[in-house]
Each structure stands twice: as C-alpha cells, then as structure tokens.
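You will see subunit A twice below: alongside subunit B first, and alongside subunit C after that.
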Partner chain A sequence: MLSKKINKKMIEPYLLVLPALILIMVFKIYPILYSVIGSFFVKAKGGIIKFAWFTNYKFLFNDPTFTNSLWVTFKLNIFITPIQIILGIAMAIYLNRNFKSVRIARTLIYIPVAINMVVASTIWNMLLSPNQGPINSIFAKFGIAPQPFLTSPNQALTLIIIICCWKGVAYWMIFLLAGLQNVSPSLYEAGKIDGTNYFQELFFITIPMMKNSLKFVIISDTMINLFLFVPVYMLTGGGPQGSTDTLMYEAYRAAFKFANYGRSYSIVTILLLITFIIIGIQMHFLKNED
Partner chain B sequence: MKKLFVFLIILVVSCSFIFAQGKTEVTEEASTSSTIKFITYGGYHDALTAVVEAFEKSHPGVTVEMEEFPFNQLFDAIEIKMGSKDDNYDVILTDAPMLTGYAYNGFIAPMEEYMTEEEMNSFTDALKDSSMYDGKFYAPPLKNSCAIVWYNKDILDKTGIPYPSSEYEDRMTWSEFSDICIKVRNANDPSVYGFTFEQISRPYQVLVLPNSLRAEGIGPDGITVDGFVNSPEFIESMQWYQDIHNKLDISPKGVAPAETQALFTAGKLCFLAGNMFDYKTFENTPDLNYGYMPLPYFENGTPVTPTDSWHVGLSNYSKNKELAAEFIKYLTLYEGNDIYLDVQGDFGARKDVLNNYLVDDNFSEFPKTSFRLAAKEAMNTAKPRPLILGYREWESIMTSTMEDIRNNAPVKEALDNAVNSIAAQLAIYK
Partner chain C sequence: MVKQKTRLTVILNIIYFIILVLLVLYTLFPIIWSLGNSFRTDDSKIFRYVSPLSIYTFIPKNFSLNSYKSLFTRWQFLRPLINSLIVSLSTIILGFVVNGLAGFAFAKYNFKGKNILFSFFLFSFMIPFEMIAIPLYKTVGHMGLLNTRMALILPMISNGMIVFLYSQFFRDIPSALIDSAVIDGAGTLKIFFELITPLSKPVIISASLMTFIQQWDAFLWPLVAASEKKYKVVQVAISEFTGEEKVEWGIILAATIIAIAIPICFLVPLQKYYIQGISSTGLKE
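Moving on to the complex of A and B:
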C-alpha cells in the first residue's frame, strides 16, 4: 500500500510535466537539433544529401551577404532592445499612477500590440510609400522634400527600428507594469522619510525592485529581436543595398528561395549560438544577489 | 542517465534527418491512380481549367486536380513540395530558368521516354534549348513570351507627339525614346510619367538593357559573374536604368511590378514595356486609347527582346508517370495547347503556331497585329534568361541590385557587391 502511494507520488509530477515536455521536445528541441545536424550536410546532384563537415560554415564566412546580415542583426539589437526597455519603463511608471483616464491611456498604448505584425507592416508600407504615401503628402504641405523612406539605405533600418519599437514597447511595458505594481508603497514612504528625490527613488527603489520583471523582459526582448523577420520580409526584403538584411531573413532566403537548406541550417545554428552567448552574458550580469 | 538521454535524442534526430533527406529512391509502383495532381500558377486558371475539362472528357475516368499558387508563392511551394520528395504531385508548371535547378535536384524527370524527336522539335529553338538539361529534354514549353512597348495615344496627343511606328523595322533607340518621355513629363500633370518596365527591376525584362550592349549576366560556365555583371557595358546600361528613375525622372519610383499595368490603364503612364498579351487587359479598359511599338535598343548596340516560357515538368516522384506524361503532351503539343492559347489569348511556343500568326487573317487587325510583331521578335531578337543551376540565387541578387540602382545606389558599387554576393552563393555549384 505504502509503496503504491510512493510510486504514485513519484510518478505524478512527471505525468503532469509530460504534456508540456512532449510539446517542447517536438516543437523546440527537435527542430533545433535537426538544424544543427542539418548544417553539416550539403545537397549534391539529384538531390542526394552528403555529409560535408563544416563546408556550409566555410561558404558562409566567405560570403559578404552573410557578414553583412550578421552586422545588421547586431545593429538592430543594439538599438531596438534598449529603446523598447527604456520606453517600456517610462510608460510603466507613467501608467502606474492613479489619474482619471489611466484605463483609456493603457488601452490606447496597448493597441499596436493587438495589431498583427503582417497587417501593421502593410499599413506602414502604404504610409511610407515614397510616391503616393500620406506621410510624404503631409511633408509636402509643410514644404519638406519627399523622403525615400524604405527605399533608402540610410532610412530603411531606422524605420524598421521605429516600427518594431512602436509595435513592441507596450507589450514589454505590461510586464514591467506588473513588476512595478508589486513594489511595496512602504519602500517609497521610507525613502521619503530619508529625503530621496525623484531620481534617487527611481534608481535606488523602483528599478532594483523591478529586477525580476526587468530580467525577464531584457532576455525575452533580446531573443525576439535577434530572430526579427516579419517587418523585414514584409517591408524591405532585406534591402535596400542589404541595409535591413537580418540573419533570420537570410536563413529564410537560403531555405525557401534558394532551396539551400544546409546554408539555412548553418545560419540558424550560428544565430542560436549568438543567442546563447548573449543570454548567458545577460544572465550573468542580472543574476539575483542577496 | 542524463548523458544516455542526450545521446538518444541526438541519435533519433540524426536518423530522422538522414532518412527524411536521403530518401532518394523513388518507388516505381504500377499506376493505380487515375488522378493527376498538377501544381500550377493561378494566373492561368480559366485557360488551364478549360484544358483540364477537355482532357478529362477525352480520357474517361481520369481526373486532373489543380493546386494553384500566386506567382510570388509558386516557386517556394514547388521547392518545398519537391524538396520533400512528395509523391502526391505528378505535374508542375514552372518558369523556364528554374528547370535547370529542378533537373539537377532530381525534382523532374526527362520526357524523352514519352516524346518523339519530331515532337521535341516542334518548339522554337530557343525554347527547346530552355527545356534541356545535361543533354536531355526535360519539360516542354506551354507558351512563349515577348516584350513590346505599349503607349497611351491620348497622352501623346496632349504632348503633341506623333504615334511611334509599330513596324519591326522602325525601331527607336533608347536615347530617342527618352527624349520623347522627357517631353511627355514636361507637358503633362506631374503625376503622369513617361515610361516604365512592367516588370520593374526583374531580370526578365531589365536584362535586355545590358544584352542590347552585348553584355551578359553570367559567364559561359554558368558560375563566373566577375567581368560580366560589372563589365563596362553592363554598368553603362544600368546607369541609363538609374537615370530614367532619377536624373531624367521619366520613370516612377516606389511602384511595384504588380502596379505598373494599373498605372498605364489609369492614364498615368505614357509608355509601358510590357508583355504582348497585355492587350487583353487594355481591351477591357474603357476609354483606353492605345497603340504599340517595338522595344527600343541602344544606339551602339543591337535590338534584344526578352523571351522565355512556362514549362510543364513531370515530377520525378510521381507514381503515375505514364498518365502524367500523356497530360503534359496534351497540354503543350496538341488540342490542349490550342485550347490554352485560345482561352488565354497567349503567344505560342510551337513553330507552326508562330508561322501561322504571319499569315492568318485573325491576326491582321489591331490589337492582334501585335502577335505579328512578337512573332518576328521571337524569331530574330529574342534572348532567354541565363540557363544556370543557381538561377534563383542569381535572380534574387540581381533583382535586389536592380532595385537598389533604381533607388539611386552608386551603379558600379552596387554591381560589384552583386558580383561578390552571387560568387559566394554560386560557389556550392563549383
């Protein structure tokens, strides 16, 4: 009887975890391992697959398109992630106050998150059309010369960053707001007694107390931005002059446009490695201290 | 225990990868199904439906199922389905330059077993060549294509310019042509442009510019691009392509290929270098007063027009090859091809059809007289796109480069970058 109880108790947690574990294995672990293994194979005449050690990686590092897309991916992350987090914190602090129309403000700010990225990209594409776009029409009313927007290598990347921030800030803000609402008011009261000003309150109470939410947001946001694909696919196709060609878009092109799956798997494997390294560094610096 | 678990996972994934990718042998089972599954382009829906209905009528008990895709998704769909060796599909319709890659990858089977020498020689020499890979005849052409320049007579009237000649012999140079476009731009509302290629920045049409200066898009080995894509003649022609969009401002920027016909039918464009079968859209546009002329050429060069076809391939993984090959022949050579050309109003790939345009009274009145100009172009000035293994890579990079040049990127630098990118991509074929 006792052993039956022990067995049941021992098995129960595993059974509860099993459905999630199966899904993670099928949809996450399996594709990752498939890509890593696939990156060591090349397709030869007749569609025959051959083991080729690091041939795909050798081709990649000799390809200026790949090195450019690596640099573009870093550039995007250097800007998008900090902008989204700083604006997210600012908006969370603003919306954490009690003012009359706070619920309306929260809803309005959250609207971009509710719009599908494909739809949002299509709308931005129409707005930013150099010839018939409404933004250039408004510029013309103020005597500003028409801008090339997404057709200019100097403007396209900035616009992708702006669109991604517009779309993502409110999403991360919700997590930060939740973290902010868990900060005990007694800490602020104690701070006031000690004579803290606004900035001291922000940097010594608010942000440190939001550390767990902030850690989640920084890591998740970095991962999502490293794998950025939809706005590039929808708006620029990696151009003009490769200025918005991210690693994910390059992996897509290799697989679905060139049927060069070995190249695509290699890019994805490199991207995974980069993600692990960056997340590892972030976790090291953001680890909880007593 | 942990190590064993990790080892087992890697083993399972490795095996599944190798078995999924390495299934190279196709089971040649006896044909048990009387259904032909056909991956095709949605733009030919009506014509192909008519062919399918006629085929089913003449082959009782046989069903042809069409799976249609828009142009932008068709090639990705074929790569995915054929790349996974899906044996549910029997016939694929695809653009000419894809054939080399499909044959190399084993997606399609040669048709020589199912066609006679005479049948294979029924097509124009250029299109027969486009159907070959490694000395074998793979996929017969469904149709033909040719570019001519359509013009809006009302805009020319307003500008005070006489209508250009539609005769094959009276061809303008690009320089004479751009002078007319500048006049059009100056005499009309700023929203009216002079000229655009219908397929903006796509090599199918734009490659005629360097070709007209005798420059090639790739070397004879099908891999070398350095010295070809960045040759002085190529640069000169691409400089003109950039100028018409920027310095001369006769061609619109920010317009996609799908929007060019609408620009022309809306009276916002005077000249459109389009396909000769565009007349079907123009005929259905009320109050559009239009004409046509041959595609210009560079003064120090030679007249060149684009050509290519959609080809019908037999899936290498089909379990129903005999029946599928029967359908392919019906669609490209016999009654099915006549039905297709008639319903679609398209331009034929067979020599007998081309010769017929020059004498048949059905083609003696405007706008069908354009078939006569196109037939002459097809026999004299037509040049297909490069037939190379890495065509998709080449085309993708060239399209982006042409688009960058259109958007005012430094021409030589853009072409040098294209050379580096293409060379890196095509290295796997060496």
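Moving on to the complex of A and C:
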C-alpha cells in the first residue's frame, strides 16, 4: 500500500507519465497518422499539395515496380520469419545446458546481437564478393564453381535471408531461452513418468511453455521483417533486376531519391495495413485459450 | 547394458560439441576474417591471400596498423565515433529520466486509465523505426531539427519496453520505504532520484544497454535525418565507405572492427544485465 498522501495528488501520476507520452505521440504516433493522411495527397503542378483521394494508390497498383516489390516482400517474409523463429527455437533448446563450455559458446553466439546491420552487411558483402571474396575460395577448396552471389537475381534474396539470420537469430534466441529456463523441471519429470518421448516432450511441454516469449518474438520479428530495409540498401540496392526490391526500400526511394512523398506514404500505409492484418491473424491463433 | 548406454552418451556428447563448435565458428567466421584483414600492411595483400584458401586468408603475415591509422587520419573516423557516443549517451540519460518516471508512475500509483496507457506504451515499442522514418523526416523537418544531434536523440528517448522494464523493477521496491520518505516530507522527484535511483542499478544498466544497442543499430533514421558530416554517426559513415570505390577494403574492415568492438566492450562484461532486461520484457503478456 502506497501512502495515501501521494495517492491523493491524483494529477501526479499523469505528470510523471506525460513526458514519455508526449514523446511517443510526437515521434511515433503522429508520423504514422501523417503518412496515412499524406497518402491521399499529391503534389500538383507548381508544387501545390492537394487532396486526391486514391490517386496515389491507383498509380501504385498500375506500376509494375510496385507490384514486383509487393511480391518480393511477400516472398521474403513467407520464408524469413519462420526460418528465424524455427532456428531461434532450435538454438535455444540446443544451448539450454548448463555447462561451462555451453555458457562460453552462448556468449560468443550472442555477439552478432551487438553488431549493427550496416556492419554485418558490409562484412558479408566482402565475404560474398564474386571475384575476391573468401566464400568463393572456400567453395573452390571443395570443388564448387564460383557463384555470382548478390549479383545474381536467383541468389540475392536467399543471401539476404541468410545474412539476416546470422545477425538476428541470436537476439530472438535470448527471449526464447529465457522462456525455456522458466519451464519448471518438475514438468519434465512428470512427463518422464508418463513415458513421453523426446518429440512429445518438445511439442507438448517445451514449446507450450515458451508460448509467452514465442508470442512476443513472432510478432516483433514479423514487424521487423515486413519493414526490412538495411540489407537491401547496403547489399543490392533492390537489384539485381528488382529481385530484392522490398516495399520499404521502394518507399525510401520514392521519398529520398524521387521526392515523391505521396507515393512513399502510400507504400508505408499499405505496409501498415499488411502488418495489422498479419498481426491480427497471429494474435487470433496465439491467444491464450484460458 | 550400462556400459553401452554410457558409450552412446559419450558419442552423443561428442556430436553435441562438434555442432556447438560449428555454430560458434559460423558466428565468428566473418568477424575473425575482418579482424585479421584489418591488420594487413596493404590492400593487395587481402586479395592475394583470399585464394587459394589458407590460414593466411584469415591472419596477416605481418601485422600492421596502417588501416587504422589512415581510417582516423585520412577518413576522419573519430568524428562519427564521437557523434555516435554523444547520441547514445544522451539518449540513455534522458531516457532514464523520462522512462524511469513513467515506470515509477505505473509501478506505484493507481490512476484512471493506467492499464490502457500501459498497453499503449507496450504497443508503441512494437512499432519498428523503419515504419515511421519517412514521415518523421517531415515532422522533424518542420521542427527545424534536421541535421542536428537532437534529431537523432529525441525520437529514441521514450521507449515502451524500457518503461515496462522500470515499472517491473520498481514494483518490487517496498512501498513502506517510499511511505517513510513521504512522511519525512520528501517530494516525488526527490524520492525518485535520491531513494529509488540508487536502489535501481541493475535495471538502469539493463535499460542503458538496450538503449545503447538500439541507437547503435539504427540506420535508416540517421541516414536521412543527420547525414551531414558534422553529425554523421558511425553506421552512416561506414555505409558511405562501401559506396565509394576509392576506399580500400582494409580501411572499411578496420572501421567495422571498431564498430563491433565498442558495443562488445560494454555487452560482454554486462551481458547478464542485458539478458535479464530483454528476457524479463519478453516473458510477460
């Protein structure tokens, strides 16, 4: 029980929350509204901004660059998030042992969490250089022909997924491992008595017990990947032949290369809509039965 | 029977550790390669030893600090480094005050709309920065803050996850302690800074690390909001290196090694706090 004296000053808690609230409103919520509203405006001749209903959207859906981006974003997300989460779960289970060597390995595996995506992209770009990169010389050692890697429209998107996994999986693993370590050992013992095998244990004890952290990881990871930008900017510039041109990169180009903000806001708004739909579906399936 | 079982366990353990080592190697391979090659005497050496593959692909025959020297002299890397540190540190300090006070309110007060506000904060954390970077450019532009350090600091201060983290921690501080301070006539701010703050070292370290990593990881926003030479941060400087043909690999690698080493210097010794922080936020509803 907190002192009545400070509870009586009912305005005080609001004042304490206010600075944080204002900053979030100004720097997070307002920009989102700004892009939704801005998507209905176009820049007319002479630089006048005028309301134009769905003109931006009509343009977008008739533009093959945009529909390609939509397709690339879809392809990327259908693979990247499930791969990252499955790897995250697998690594969390794998590394959930309390040996000194495993603890040291964990510390080392966490390192990419602290590495900026720009740095990760820069290094991988060199490693994957088709002519001078060490990956191709490792391939040569095993008799594999040199690969074009990021310069190939067939390989670039896959490589972006691999690089994002290198950088990102350990981060999600921290959450999942924490979830795992919250599972009480008595549950496993009870399972042992009932004669469960390894996979039953995995699907009926381990994963359900990770549910809270899993929920958080799934939703956060989905959002981050839908808005994937940095590796595309750093590694491919949307190419080759538009094969990695994600929606976020397209939105960036519209705004900062072509100063076409109407187009950019419309793309961001579409992404927002897609995000809400996907998160809505996820929430529906992940909600607690109890 | 027993002997067979132990032999199987031994084999399984060996397989376990082989996979573990492979996992660590896969994680560290890019970093080791960069580290080794950042110490070459000159760039042609990197390419000469890439193929055929040998130990010298990773380790230079002669160690040299040339790349680091020219990174700081010719490419003036010190400035973005200092900019990054100023921006991170300011965000951490201001973030502690703003998020800490909000967390305190959620932990120790009952007020109308508390739950809704709290959910709102949590939700706001989920918004990826990329989502708002483009419209934010206009917003911050209207404020006249583009190409200032404030442009990088202000939007990153308030953070729903950190508010949550603080409120979880403050909840466990006994209210009796606060009550007695109130009876002694201390005001709320005095209680927060003189009573609560000294008790909250672990959570402050967790929150600071999370903020630091977040600032260190941001890219799209600093790229558009502060790309001017004077305020450029490390990430933006490195991204420009790769764009320019004339920058040698050795110099880029030296820059990446510095950009990796700094967060690791904080994160490895304080890892416990970082993991405590992010896991306690991820476990809750």
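As a convention for this text, the second predicted complex is superposed on the first by the 274 of 290 C-alpha atoms of A that agree within 3 Å, B and C clash if a C-alpha of one lies under 4 Å from a C-alpha of the other, contacts with A are read in each partner's own complex, and residues count from 1 in each chain.
What we mean here is this: a residue touches a chain if its C-beta (ideal position, glycine included) is under 8 Å from a C-beta of that chain, and two chains touch if they have at least 3 such contacts.
What you see is a predicted model; the values in this text were computed from it and never measured.
Peer 1: Looking at the overlay, what does A:Tyr34 touch: subunit B (first), subunit C (second), both, or neither?
Peer 2: both
Peer 1: Hey, is it subunit B or subunit C that touches more of subunit A?
Peer 2: Result: the larger residue contact count on subunit A belongs to C.
Peer 1: By the touch definition at the top of the document, which applies to A:Gln132: first (subunit B), second (subunit C), both, or neither?
Peer 2: In the superposition, A:Gln132 contacts both subunit B and subunit C.
Peer 1: Considering only the touch criterion stated at the top, classify A:Ala105 as touching first (subunit B), second (subunit C), both, or neither.
Peer 2: Only subunit C is touched by A:Ala105; subunit B is not.
Peer 1: Contact-wise, after the overlay, does A:Ala145 reach subunit B, subunit C, both or neither (first, second, both, neither)?
Peer 2: Touch partners of A:Ala145: none, neither subunit B nor subunit C.
Peer 1: Once chain A of both complexes is superposed, is A:Phe256 in touch with subunit B (first), subunit C (second), both, or neither?
Peer 2: Both: A:Phe256 reaches subunit B and subunit C.
Peer 1: Once the shared chain is lined up, is A:Ile193 touching subunit B (first), subunit C (second), both, or neither of them?
Peer 2: neither
Peer 1: List the residues of subunit A that touch subunit B in one complex and subunit C in the other.
Peer 2: The answer is residues 29-30, 34, 38, 132-133, 256, 261 of subunit A.
Peer 1: Taking the touch rule as given, give the residues of subunit A at its contact with subunit B in the complex, in rising order.
Peer 2: That would be residues 25, 29-30, 33-34, 37-38, 41-43, 45-49, 59, 62-66, 129-133, 148, 151-153, 237-242, 253, 256-261, 263 of subunit A.
Peer 1: Taking the touch rule as given, give the residues of subunit C at its contact with subunit A in the complex, in rising order.
Peer 2: Touching subunit A from subunit C are residues 17, 19-21, 23-24, 26-28, 30-31, 33-34, 46-47, 50-53, 57, 97-99, 101-102, 104-106, 108-111, 114, 117, 120-121, 124, 126-128, 130-132, 134-139, 154-155, 157-158, 160, 163, 175, 178-179, 182-183, 188, 213, 216-217, 219-220, 223-224, 234-236, 238-239, 241-242, 249, 252-253, 256, 259-260, 263-264, 267-268, 271, 275, 278-285.
Peer 1: Could you please specify the touching residues of subunit A with respect to subunit C in the complex?
Peer 2: Against subunit C, the touching part of subunit A is residues 1-3, 5-7, 10, 12-14, 16-17, 19-21, 23-24, 26-32, 34-35, 38, 91, 94-95, 101-102, 105, 107-120, 122-127, 132-134, 136-138, 140-141, 166, 170, 174-175, 177-179, 182, 212-213, 216-217, 219-220, 223-224, 226-230, 233-234, 248, 251-252, 255-256, 261, 264-265, 268, 271-272, 275.
Peer 1: Report the residues of subunit B in contact with subunit A in the complex, numbered from low to high.
Peer 2: Its residues touching subunit A are 9-10, 13-14, 16-18, 21-22, 24, 75-76, 79-80, 83, 85, 101, 104-107, 252-255, 390, 392-393, 396-397, 400, 403-404, 407-409, 414, 417, 420-421, 424-425, 427-428.
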